[in-house]
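One chain, chain A, links the two complexes that follow: it is found with chain B in the first and with chain C in the second.
After this line comes the complex of A and B, so read on.
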């Protein structure tokens, strides 16, 4: 077991290394002229271009640039030299070209917003998905089952950026029941935090719950036809005990696994949700940076997301191996 | 798939009298029963599909949408109005459409002397109906091309990986896993401007990338990052198929690897490939619309559903003109739903275990 964990972790580190190299190459080596790219359609004076080139270290070999960048991430570094040198403590991800703000500060600003959206939406989609899917499987062919099938098909075809504005139109501007979606720190005002984020949660949650309704319905149906469920029923357990203590428990494990592995797909959903509702999370910063060609922010957010996905995958793998006795490690 | 002329092109087959026909199992279940008409799995699947009401309806909806997209120029000619004509006379002083429901009108008694069945765009006064028609063309063009390319890529990689096994398989599998670890959507977002600057003038200014090149960029990115699921699926299928007798037989007969891979194995893979293809198209439509919604994919003046929705979302605030978002939103919902329903129906129909 320990050997599996170590090997899995090493592989993850290797993957992360490969991702960091390819992301770096893509953003700093592929553009014909990264500096002009960063200047965008504005005309940069020669001196500014020289300054940016030097600040980025683009006048140095690629390997040096990469090792400098990675060094900055782990131990911090000094960007540039001479009077314009900036001290950048770890984790140093560079500076924004627009505002001169450290990228790490920008990410720190956005992270609570993004995390609030993901966690709240995940609660919504896992609850709806598991409850509706299980209930549908227990009464197969019934009205609820038909509804759940329709719901999962409709939800899977709905777009966040269509449903979101429609919900805002109805609940904020039409009925006036909710304030415009905003982020308030839960530490300052938990109620404002919840009411401000309820529409993003419902939007992202409802659309994602379509998939989980379908999955948990299929999983539950499969589990209910297992021999051990029949055995449990035959030995005289009540329906409730069989359904919830035997079947549901076994059916939930793979769904939680998939939820963990799907985190990458959901990150895309968060980006769209933040843009739809005008919330300043990491995803929205990333989109703005992409439109601005602010490469240090783009690079940092892609790296962050990739790290997040790889770590989540490792954790899920390890949890799965620990929880499910049927998983054979080889 | 019966053509015997080119398949032994490598010249390894000694004579032409070895007809490869019997080895192929694409049309499995030969008509053994005398009285009963033998049907190939393909025919059976088609029969099941025809009997499935959802499949039939979604199929015709798709045909309708595809026709609209393909015939967009004809529709424009019949409708007699294009997607780019702006007309501020159709708007009130604050830039919102005159009349009701976003300026929907079936009479010609207005400033443009033309009907506007879906209404007009706020601030610019362009006709929404034609924007949706042309937007559908953009969406479907990108989604279908990218999915075809990525499916072909995935099939070739999957077959090669599984058939050769060993280090080839190990390397390809690692690449697949590695690419799946990328945050696909975020990565697409980030890569597109980078590629656009490459395609643009060497000066590196992304502003002068032509709209056509932007569409091309999106197709390239979706193709390059969309093949992994198909490759994984095909690899799994081939791993189980390559141990079958007919593959052994073909190998014993001296058939070259290319023949075994693409003539013997591929015909047996078309069912899962078709299903994954038909479910990948709506996913790509969604992703493309999302990109354009984020202002990174298709931009003005190329008509696109995601871009229209992005514009429309601005007019939700205070509810001056929700129709400009709702109508394209409904269109894209029906389009994606029809694809999803048809893909689902196809999966059911092609599943040999399902007997209905």
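After this line comes the complex of A and C, so read on.
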């Protein structure tokens, strides 16, 4: 178990290092000048451009820029020199090229929004997916099963930016049951947090649940035809015991894996949902930063997303070893 | 044991009469079992023999009531200890399963749940029929593991199926199926997935447990060697029908049906000429949706239509063989021709070795 962790941690560090280097290189490979963009292209005098370039450290060699950045993440650093120098304590992710805001603050603002959306939506998609998929498999060929197949197909072909505005139009403007989607910290007002995010949860959750319904149905049908389920029936167990203790228990394993990775991927930002509901999460920050050639934010959001995926992988492996005794962590 | 069927003072414990099982599928109606009858007493073993798709497993699943009633049409009678299980509700037959009748399967690895310990699975089988504490059930389960010859049962109890060897797994399956002391045990190809050396151990174990528990055993197999070793009676099935039925001596040493001959001739023997011995049955088992007319074996039968008989038109009835009590055969060939053919052509093939063991 300990060896597993050490190995996984080392691997995670390596992965993140590789991702940070390639993000850095990719950014500078883009044939565009962030400084010119920042100070308004043609109307910007040469001397101002030079000053900005120097302040941002963009006149340094690439390798120095990279090591400075990494140093900042772990021990903090001073950005720029002279009167415009800024002290940036660890974890220093730099300052936004655009606004001069610390990137760490931007992440701190955006991450709770993205996390709230994803966790709430994951509850919705796992609940609908597992319940509907399992029920459909247990009544194969019945009305519910046919509904579940239609639901999966409909959900898979639906788009967040179509379903979202429809739900907003109906529940916010039509019926007036819900406020316009906003983010309120759950620590400040949990009720406002929930009512403000329920539409993003339902939208993202319903669309993702299509996949999970299909997956649970297929997994459940497969395990129901397993020999050990026949053994369970031959032992004289009740239908309920056979279906849940024996079949569902085995069917759920691959779903846990996929759900874990899915949640990890989504935590790095759910751009379409955030944009559709005008919520300022990390996904939107990332897209804006790419458009603005705002390197510090791009680096931070990419590394954040990568960290979530790496962590999700480790968590999934651990869960797998807990669920399936045949899997050994080593 | 109020749920156990009251068994009649005498007569067979299991009495199957004219069992017919049909499944409706998209391709048509599958006649998986078509009018099969047999009896079995406590303490006796019936071997059901046939190729894949001959209806042997379907028959046993019908006895256990394991078919999906929505997709299966069953008729006839299956009396277990006097109760017709075909007429029982799902809840009532569930109470018999695992208690009055139990089953072990071909592949013990896939038949045991991979996520639960062996002990937990056996305890579950006991507690579903007995209202006892976990500790009591555990004690009983460990006793059973010990009884079926699993060393260190205390330690093995805590282990998962993947930590057992194939033979040990099948022993654990047997312990699980016998923990409620069932009167009927159905063993569906219990040794097929095991090493030959382990096969014999498992068969020995079944025999000794049968003596101890006095249960009736149905042994489903395609291996006539296994049948010769343990069966008292033998039922040969082909295309969902019974084609030969009698005691082991009759069916194995005086077989009357060309299909049985085919099975006997296709057993490899370590004696004699290795090239000459094996005579495989040509062709493939028939489709159960679209059985050949008449005797369903006739397209593969070397002797079909020899006497201009109605092999391709009439389904032969299962009739007594002249001069042999209890030996039934479904074949249009004349009695004397069959007897002569067996003696002249079949008796010397590989199975003679098996028959010596039997005697």
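One rule holds in what follows: the second predicted complex is superposed on the first by the 294 of 330 C-alpha atoms of A that agree within 3 Å, B and C clash if a C-alpha of one lies under 4 Å from a C-alpha of the other, contacts with A are read in each partner's own complex, and residues count from 1 in each chain.
We adopt the following convention: a residue touches a chain if its C-beta (ideal position, glycine included) is under 8 Å from a C-beta of that chain, and two chains touch if they have at least 3 such contacts.
Since this is a predicted model, take the numbers as computed values, not measurements.
Applying the stated contact rule after C-alpha superposition, one finds that A:127 touches neither chain B nor chain C. Residue contacts after overlaying the shared chain place A:185 against neither chain B nor chain C.
Look at A:226: by the touch rule set out above, it reaches chain C but stays clear of chain B.
By the document's definition of touching, of the two partners only chain C reaches A:236; chain B does not. In the superposition on chain A, contact is made by A:249 with chain C only, not with chain B.
No residue of chain A contacts both chain B in one complex and chain C in the other.
Contact residues of chain B toward chain A in the complex are 177-178, 180-187, 189-194, 197-198, 202-207, 282, 286, 289-290, 293-296, 306, 309-310, 312-313, 316-319, 322, 325-326, 329, 332-333, 336-337, 340-341, 344. By the touch criterion given at the top, residues 226-228, 230-239, 241, 246, 249-250, 323-326 of chain A touch chain C in their complex. Those residues of chain A that touch chain B in the shared complex are 15, 18-19, 26-27, 30-34, 36-37, 40-41, 153-154, 156-162, 164-166, 168-169, 173-174, 264-265, 267-268, 271-272, 275-276, 283, 286-287, 290-291, 293, 298, 301-302, 305-306, 308-310, 313. If you check the complex, the residues on chain C that touch chain A are 64, 66, 90, 94-99, 102-103, 105, 107, 110-115, 124-125, 128-129, 160, 162, 173, 176.
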